[in-house]
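First the structure, then my questions, so here it is.
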Amino acid sequence: MLNGGSSSGKTGIARCLQAILPLPWIRLGVDDLIDALPPSLLDSGSGISFGRQGEVTVSDGFRESEAAWMAGVAAMARAGARIILDDVFLGGVASQERARAHLEGLGVLWVGVHCDPAIAAGREIARGDRVTGVAASQTEMVHKGVIYDIEVDTSHTESLGCARLIAACVR
Amino acid sequence: MLNGGSSSGKTGIARCLQAILPLPWIRLGVDDLIDALPPSLLDSGSGISFGRQGEVTVSDGFRESEAAWMAGVAAMARAGARIILDDVFLGGVASQERARAHLEGLGVLWVGVHCDPAIAAGREIARGDRVTGVAASQTEMVHKGVIYDIEVDTSHTESLGCARLIAACVR
Amino acid sequence: MLNGGSSSGKTGIARCLQAILPLPWIRLGVDDLIDALPPSLLDSGSGISFGRQGEVTVSDGFRESEAAWMAGVAAMARAGARIILDDVFLGGVASQERARAHLEGLGVLWVGVHCDPAIAAGREIARGDRVTGVAASQTEMVHKGVIYDIEVDTSHTESLGCARLIAACVR
Amino acid sequence: MLNGGSSSGKTGIARCLQAILPLPWIRLGVDDLIDALPPSLLDSGSGISFGRQGEVTVSDGFRESEAAWMAGVAAMARAGARIILDDVFLGGVASQERARAHLEGLGVLWVGVHCDPAIAAGREIARGDRVTGVAASQTEMVHKGVIYDIEVDTSHTESLGCARLIAACVR
């Protein structure tokens, strides 16, 4: 489970993990959930909304879909799939507790993906994201109180280097 | 569950269903599974491969990941999510039986999405797909022996029209 | 030059033309211009903006970039490239006159791409466009006063069929 | 004009330049040309082809389209557009001379975008490119004999930092 703010580099690390781990791993994340949701759950008001400072708020409907989606991801793992999951713990440790409940009984490696807020903000511009400011606003709050098995920092280490550190911890 | 060949119009119908159904529905499909898999399971030899005539063959590793993924999708539904699933039943009725086993106990509306092979081949060109010939080759085989609750044909009916026919059957 | 509203099917026709015309043709369009512009020219106020009814308004800065871009496309053609250009003549015949001035001295086949507004609106939903309503609002205005060499209608003819009608007029 | 190998970071730098330069700049590059070409010019044999070691070879048809495209880009600049162009000088100094001929009479800032080959190869994996090995193979050859006004290295400097160095040289 990779947790980090937007533009912290989770997807790049996940792709590198798929490339270097000897067995096949499935890559899933919060972006896949968002792609799967109906427009009504992504509109402001009824769903998820992005504030002017980049802060993100989600509705009950979004939260319910997310819970069902996480239950499904856990079931994939129980059915034998090896899964690299990435998420943005907007609620910090409360989000981790929710995830932990879903993943009960499974072997989870909790990975914190850090990135200097100024660097993440620059990468957001370089990626051409239409809404800017999200990266910097999330940098700290997503890690608040969260307990990790390993932490990586993409500020000065490439995705592949971070992936190698993580892979060394994967049984 | 929408079953139909490549370029038959499943994704367009699924998006229209999300737009017209009164409650939120999650949209998932075989393309999401393929996006999630590591490159090694998509390479020829070790994973999925596309033949010169557009025929598709998949390895044991691919099949195992697919089974785990379907188990997870079923678990999402059991956890309360309403899911629009699209698939390409390459094995016809055998694929349906595999899917039926995963979805046991759930209310499933089986939808056949047909399209004239010449029309599907033309849409494949219009979409700019790099590998052509897949659409026409799959048109018939994916429906072989499959039993449906409702069948739509995108040859002469738009996605939204097909979605309305399907929505009328959704409780 | 293919002119038609959003979701009328211009891109699909253009791809089919590339596939069926015997010589290589380059495909360029207003979407490429928009991709090339800086975010500041796409923001409301300083650039292009999409109204609640789907109407589109553009700033002077956008207009200047568009003029330079069209001058360049004309230069590509004068340098020997065969070009399939698609555009949305928001100003109807005035837009055509602007385009005609840029393309002076070049052999141009003016193609009108029509689509029933209800059908275009449905295709907009099926494509998952985030801003809906644009397609229907543009259906009529983009053709106002415009003079064509050939007109096609994607309401009941596939992209490939429309492309065949157009290709027959290309020397 | 930004020249650098695949995955060296040209696009990210170009987006950052658009964001920090006070006037609007248009962003165009070799990827746009490739998007515009017909499939026949991208197939092996008749067009561009990617070898097993990542080397790229292009046909006469591709070269002709590229020349017309560059003539058009130069015309856009002569018509008043400010353009950030990115390219991969597969022929080193010979490519630069070809580009220089097209851009005659225009003010050009030649920018070399360097990246350590091992780092570029890692970024290629992190981006999920299907063909790997291109990045490393191009690292050196694209700069062979090329003369620059300014050179940046993305190995240890972020896109935004590189863009700031370049922007300081833009009149």
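Each chain carries a letter (A, B, C and D) given by its place in the written order, and its residues are counted from 1.
Going forward, a contact is a pair of C-beta atoms (placed from the backbone, for glycine too) under 8 Å apart; a residue touches a chain by one contact, two chains touch by 3 or more.
What you see is a predicted model, and the numbers here were worked out from it, not measured in a lab.
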Which chain's mean C-alpha position is the greatest distance from chain C's? A
Given over half shared residue numbers means same and under half means different, the chain A/chain B interface is same
Centre-of-Cα separation between chain D and chain A, whole angstrom: 32
Between chain C and chain D, what's the gap in Å when you average each chain's C-alpha atoms? 27
Roughly how far is chain B from chain D, centre to centre by C-alpha average, rounded to an integer in Å? 39
Which residues belonging to chain C are in contact with no fewer than two other chains? 19, 39
Taking the touch rule as given, give the residues of chain B at its contact with chain A in the complex, in rising order. 18-19, 21, 24-28, 32, 35-41, 61, 64-65, 67-69, 71-81
In their shared complex, at which residues does chain D touch chain A? 11-13, 15-16, 19, 119, 122-123, 125-128, 156, 158-161
